[in-house]
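Labels run A, B, C, D and E following the written order; every chain starts at residue 1.
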Amino acid sequence: MTPVGLPHILLLSTALFFIGMFGFFTRRNLITMLMSLELMLNSVNINFVAFNKYLYPQNLSGVFFVIFIITIAAAEAAVAIAIIINLFRSSDSIDVTDAEEMKF
Amino acid sequence: MGLELLFTLKHELLISLSIFLLLFIFVGSNHTKGATIIHIVNALLLISVFFFLFEPKQSFVFNQMFESNGLIQFQKSILSLGLLLISALSFQWLKHHKNVIEFYLLLLSSLLGMFFMISAANMLFFYLGLELATIPLAAAANFDLEKRKSGEAAMKLIYSSAFSSALLLLGISFVYGLTGSLNFTEISEKIPVNALSQFAFILVFSGFAFKMSVVPFHLWTADVYEGAPVPVTAFLSVVSKAAISFVFVQVLFKVFIHLELSYTISLAVVSICTMLLGNLFAMRQENIKRFLAFSSIAQVGYILIALMGSHEVAQSAIIYFLLVYVFSNLAAFGVIGIISNSLGKENISDYKGFYQQNKFLSWALAIALFSLAGVPPTAGFFGKFFLILAAASKGYYLLIVIAALNMIISFYYYLRIVRNIFMETSENPMPQVLVQPITKVALIVCLIGMIVLGLYGPVYEYIAAFAKPF
Amino acid sequence: MNLLLLIIIPFLTAVVILTAKDFKQSRSIALVGASIQLVLAFFLLNQYQAAKALVQTEAFVFEQSFEWFPSLGIQFLIGVDGISIAMILLTALVVVAGILVSFTMEELHKEFFFLLILLSLGAYGFFISLDIFTLFFFLEVAVIPKFLLIGIWGSGAKQKSAMKLALMLMGGSALIMVGLIGLYYFSNETGNRSFNMLVLAQYPISYAAQLVFFPFLFAGFGVFTALFPFHTWVPDGHSSAPTAASMFLAGISMKLGGYGCLRVATYLMPDAAVHYAPIIITLASIAIIYGAFATLMQTDLKYINAYSSISHCGFVILGIGMLNKTAIVGAVMQMVSHGLMTALFFAAIGMMYQRTHTRLVSQLGGLLKVMPFISSVFVIAGLCSLGLPGFSGFVSEMTVFVGAWQNPNFWYRLATILACASIVVTAVYILRAAGSSVMGPITQKNFLHLTDAQWNEKLAAIVLLSGIVIIGIAPFLLTDLLSSSTDVLVEKIINTF
Amino acid sequence: MDFKDIFFYLIAIYILGTGIMAVSTRKIFRASIWLLFSLIGIAAFYFWLNLEFLAAVQVAVYVGGIVVLIIFSIFLTQKTGNQMAKTGTQQTIFAALASLLGFALTAYLVYQHHFGSNQTQELDASIENIGTQMLNPGDGGFLLPFEAVSMLLLSALIGCIVIAMKIKKEETA
Amino acid sequence: MQNTNLVLLTLASPLLAFLLLGIFGSSSNWLKKGAGIIGTLLMAVSFFFASQLSLAYFLNQTPNHTQQILFSYTWLQFGSGLSIDMGALLDATSAMMLLVVTFISLMVHVFSLGYMHNDERFASYYAYLGLFTFSMLGLVISANIFQIYMFWELVGVSSFLLIGYYFNKQSAVAAAKKAFIVTRFADLGFLIGILTLGYYGESFDFLTLIGRLSDVQSPQFAAIGVASFAGISALTWGLLLVFMGGAGKSAMFPLHIWLPDAMEGPTPVSALIHAATMVVAGVFLVARLFPIFAIAAPHTLDIIAYIGIFSALFAALIACTQTDIKRVLAYSTMSQIGFMMFALGVSGYGAENGAGFSASLFHLFTHAFFKSLLFLGAGAIIHYVHSNEMEDMGGLRKHMPITHISFLIACLAISGIPPFAGFFSKEAILHAAYQSNPAIYYMALFTSFLTAFYMFRLYFSIFWSTQKAAQDNAHGEGTWSMKIPLILLAIASVLFGFIPFSEYVSTDGKPIATHLDVLFSIAPVTLGVLGILLAKQLYQKASVKPQKIALALGSAYGFVKNKFYIDEVYQYITKKMLFAWVARPAAWIDKNIIDGFYLLLAQLTQFSSVYIKGIQSGKVQAYAMYFFAGILSLASLLFYVLK
């Protein structure tokens, strides 16, 4: 078994990304969908960090990117939750299938 | 350095200033009337519109993250103009909205995000700009708080955009992994041409495509446009789309220049899908906002085919088209907003016999639709023609033929509305709607823009002059 | 003479119309504008002939060029030769007549006249353009007014017709656009790109490229001039339109297509024209004979004239397809002649319809007794349509025939014979129409109280009639005008043979 | 295979396992807790990479911020014990197919791409370094993004307030 | 130059009448009233100039009658050296025609003063007459084959207008349409013939064309002889097609069907157009191009001869069975034109060979007078009894003495009884036929027997027989304006036979001596007398004999009486075949297939637009899946393409 290196980490992040995506595709609750999204973002973070660490250690671009992603994720989550709550207020449900009024 | 930096960042500074002005002076005070705020913001935006006249030289500041030049300043001015027009056109709606300050705060932040995005010369900064442009809009989409559709629209926007950002980020992470840099110039120099880089490109591409509503990444568009308040829809459809298109041109032509073959193939496929699906869906819409959503999707298809042409022509054609598009689409949204706001009618069939009572609005809407359809003497004709001319510059004639066929379909549905307005008679047509003076002025500006931009050649020449250094 | 006047005056007229207070004002403004334009057109003719006499040149005269989009090589380039002047005269005559017959209008009069003038503006601009982009621009300018005129003031299934017309014409425009772009990129590949027709003619595009783009351009313009099988907008569009719009449509608008086929497609791509000539001729002769037979079955007067327009415009295409001087001169003459004649026809039908409220041949009858003037006009238009000597239809058709016969190829001969045969069929349907609607016993009692034409209607008819008769009696006036200009066109084609 | 590797595998399994649980459990509250675990696992991963600052941010923002926010919103909208509605089989199949395909493709691409390696230099992710760079306007500085993100947070804040305001009103009413 | 002015004046006065009366006739009251006088005066002026011109031509230029181009003006220049010139060609034929046309027209003008005076569209009537006369004169002086075609068409349309003069009558309109359309169909052939001759002859000018195409040496002749279609040379095609035009106008079988119906027009019009002038245009046309026919393509003349004699016989047979007097006259016209036609057909070129040519034109000349006399007489009769049917007449000789006498003279003339004009011309024709083609001669002989029979059947039925009811004696025989023309024409019918016609008119302009072979004349005259006697026997008194004979003939009689069902054949071809199998499908195809195709496109678009609407399902998760599917497919596309 080769020592753990970039490929392993990338595999981990990829797996996490698609787990998150699977969750996003299948969860019917808006909050859990949001959670899946967070997983996806985290997997990307792993990517950035790993690249930065293993390939381009001369500067901190990847790490900074991660910091900003985390911040943005927080902001996004906040807005999303506000929207969810507003939606819940008007339709008493946070099931995504109840928000299909507009279509075709 | 200091003054020069000020000059470089003048748009951003002005918008930030506006934001802080609103935030610190008005949020607390309950006495200030909505109208005053609107006028103040409009005045500031008007200044921003004319900023492009003082163009600085090409400069990169802040760790090569922020780029500025005449073209970028011009684009920013176009976007400011877009917001200014929206603000003037939805005067009625804004005046009576209790959260007008917050509304402006959100839209101005979003505009600021777009400025960042346009100026970005770095993936990180670009991403930040993108999010700054999107997240406030999602909140703004929910501004019709009592309407369920508004909430649904906001939800769809934020979820779709978060999903697309995740994929975009994955792509960016791969680009970073491949090149070790986030800087655009470095990326373009270092990016290899292999399977992973192409995959990364497609992921990044999809992020742009999502924002531009390119098929099959467009599905959020119609729902959001329908549910969101008209000014937000207008902002999404015009300003937001214009901004991302500006960036897209730069990113494709500068960053991914070595992947030209890949992007040409991708563009060819998605442009056909975009035109076709956009048009086919637009044909059968009943809600006029939804209709405009699909029609604007179809318009994007024409932009995409232009992207495949040679760079100088494509860039100027696209910017010109978008400038025209700002006027035409905003005029359409303006009229729709006025009607939606005062009568609550948003269906195409409601517009039967519209001309009987509302002559000015009818003509404004009709001319806007003609411009969107690309009928002379409106500028839309020139815009579309130049796009197609650009597409042909590398000999993609098949695509041109497809685009031409699509134009016929699009003509059908634009005329369908014109038909309702002028030809159908209705038992109870819409009553005469009072148009606020400022709104009227904005509409007239749009109309003048739609007519003059095409007939007056130097506008295009001004844009084309930027393209020369390519 | 400054050709810009030809665009500026309609523009000003249109603007002034918007300030009109009531119907009378708007119609007078429109009439004054159109009359000035008519005077101007004759003045232009005069000036042109003077200029020709002065310098023996075959090129365009009164050229003016303005940079429009210099970075793309787009100019606003205008100029005229004999062919354009003929078309401008036609337009001016039809416009005046069209406004004269629109003297009763219940609602939306300003818009009506505004759109009419806008339509004419498009036509004028089209005919004076020497830059194919400008030409295309004006061609499309004229589309929307048509749509609105038919849809708002039309009759019958007006919306459907308006939609169909607009879509088919836009389809034509789309084809033209592809062709134009092909010309733009394939001509003068090393030098500066241009839409300038004179430059394009100087640097013809390669044979292969011509073969590709010629069909686009020809079919595109063909849609406008009702080339078979792109003609189906014609019957519905013409018959649903209000009288003046029908006159404009058939009299002017269809000519845009013929002019384009000649000026743009054939002139700029002569090799392809030669290559595709058999197909063009086949389509044209089908249009001629098939249109004529289809007319036989029509029962509505406007449909009759619309289908006959298809047939007559087939002569234009036939003439162009024959690619020799006589035939091309004939084609242009046919354009002018058909423009005047069909406008007159529509005017007469409109006048009849306005009074009797029916256009069905079966319901009309004996009108010659109650409205002799209108009926005579109708009969005369019919006689012109069937090519009676003394009217313009005869000279133009004969010129086409003589030209067409110059090619001894069997297929060409057959097409010509078919085309000739249509004059018999034309006689049949014209006489059927005239025989049952104007002649015969009076079918309805209330017809007896109908009045004959008003002064304005008489004037309109006389304006058009004088054009028809002058050309019919003195065709050399027209051929002299066209001759040297066609030489330029034909020279290019002959060089390719 | 040394300890470090084993730790990695452990962390990886932990992250993925909790992640899978987070997206598959039908109890929403439990899902949020699984997510919390997963995020903590990622923080642990950052530790493993010697990126302490990042790990701290991860814990602070995600665990302390986002997950708490999520749990609050769950409380606001849901009864905790409730099982979530089941997803349609068709949708699950397609989702699984898409995710698997995506995973396979990405993994394959990543695997077949030969990333070079640069082990000559160690990443200097000290808090000091990060701090200096964060506020440096010049080369290698991230001042502008820092400012931009502050605007973003501001606008997100305003957005949330506006949208939430209505609720307050309702409560009072 | 003098002649040029004369020609122009001759043409201008009827044109003036047309314009004056046509444009202002309906608005100005005094013009309406005085239309007849004005028209007639102008016609008289025209006749005056024409007769000056012709008489000067005939009397001054003996013995050789040259062809003169009086003037020629390029009217329409085509590209390839071809042009339509407006000119006047004066030769013996056209000079003779000018005289005939103006004279008959004048007579008709005068006659109409009385005949039409109560009509409310009096002015239009004279306008149309003016137009017709102008066109006919233009036709006869044409110097260019295209010019003749133009006037040919104008003649056709004025004929249309005059036949359809009573436009409120359905049958008149139908007849007018039929006449126009049938001749138009023939003109199609004419046109193509012109195009062919013009193309190979490289000119439309008569003299040039004749010069080239009848000259075996010329390159044009070589070209037109070589070019062929379906094994027949272009020259033959051209000539036959031109003849087709002539046959249409001259009502030769099978294009004759319009002529009987054309009798729906006012009777004076029939006299002018459908007896004396327009219908002989075909003969004139062949005569005009005669050198080409005779020298370059003599076999076409055979065809003409057979068509001519067949038409003559055919029409004569039908004429025997008709009861409408105008129809009898119409068929007799057709029959007589058949005579002229076959006379041309049997003729050769030059000197004595061209006797047939001279005879034909001689017959044209005499026929014009006696046939218009017959028609005007018939007009007077109809005016008197208000009916066209023979059955409504009888015993009129006492009531209408002048009419009676003149009618009798005309009948005798047409039957070829000496010394009336018809005798001489018919004699010349038979003589020519006898010399060249005996078969035709015998058929012609039989036909002339039939002619005598049916003419006198007519004569006896009208003027003898027993008096029928419904005769209106109120206005007597008619005004003097009606009687004078009858008298003048009767005089002409008696005297004009003595003109040594062939000395003036011949193929090559050189006079041929006229000779009267008494021995040769015995057979035709005897047959003529026999015919008359037979008619007298049967019709002088009202009797049942004719019916008995008709019954005895059985279906053969019915067949002839129904005009050999030619009309029905045409009906079948047009209604059942052209309308049902061409026009209706064309209209159907247009509506359903071509238009349907566009409709189908539209509907397909519409349908696909509905079909794909499921993509926009409203589900965010589905959107995301599409999103990701888009990425996957783009990626696979790229990898596929780039590998």
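Assume contacts are C-beta pairs under 8 Å (C-beta built on N, C-alpha and C of every residue); 3 or more make two chains touch, one makes a residue touch a chain.
The structure displayed is predicted, hence computed values, not measured ones.
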Count of contact steps on the shortest path from subunit C to subunit E: 1
Intersection of the contact lists for subunit A and subunit B: D, E
Central chain of the complex, centres being mean CA coordinates: C
Centroid-based (C-alpha) most distant chain relative to subunit C: D
Chain at maximum distance from subunit B, centres defined as averaged CA atoms: E
Interface ranked first by C-beta contact pairs: A-D
Chain centre separation (subunit A, subunit C; CA means) in Å: 65
Centre-to-centre distance between subunit E and subunit D (centres being mean Cα positions), rounded to whole Å: 102
Chain centre separation in whole Å, for subunit D relative to subunit C (CA means): 70
Whole-Å separation of chain centres (CA-atom averages), subunit B against subunit C: 42
Subunit E: positions in contact with at least two other chains: 613, 616, 618, 620-622, 624-625, 628-629, 631, 635
Of all residues in subunit D, the ones touching two or more other chains: 91, 94-95, 98, 102, 105-106, 110, 115, 140, 142, 145, 149, 152, 156, 159-160, 163, 166
Junction residues of subunit A - those touching two or more other chains: 17, 20-21, 24-26, 33-34, 52, 55-56, 64, 68, 72, 75-76, 79, 82-84, 86, 97, 99, 101-103
Touching pairs among all chains present in the structure: A-B, A-D, A-E, B-C, B-D, B-E, C-E, D-E
Of subunit A, residues touching subunit D in the complex: 1, 3-12, 14-23, 25-29, 31-32, 34-36, 38-39, 42, 45-46, 49-50, 52-60, 63-64, 66-68, 70-79, 81-86, 88-89, 94-95, 97
Parts of subunit C lying in touch with subunit B, wherever the complex brings them together: 67-72, 74, 133, 137-138, 140-141, 143-144, 147-148, 151-152, 158-159, 162-163, 166-167, 170-171, 174-175, 177-178, 181-182, 184-185, 212
In the complex, subunit E residues that touch subunit A: 613-614, 616-621, 624-625, 628
Touching residues on subunit E, where the partner in the complex is subunit C: 26, 74-80, 82, 84, 146, 149-151, 153-154, 157, 160, 164, 167-170, 173-174, 176-177, 180-181, 184-185, 187-188, 191-192, 195-196, 198-199, 227, 229, 578-579, 582-584, 586-587, 589-590, 594-595, 597-598
Contact set on subunit A toward subunit E in their complex: 21, 24-26, 33, 96-97, 99-104
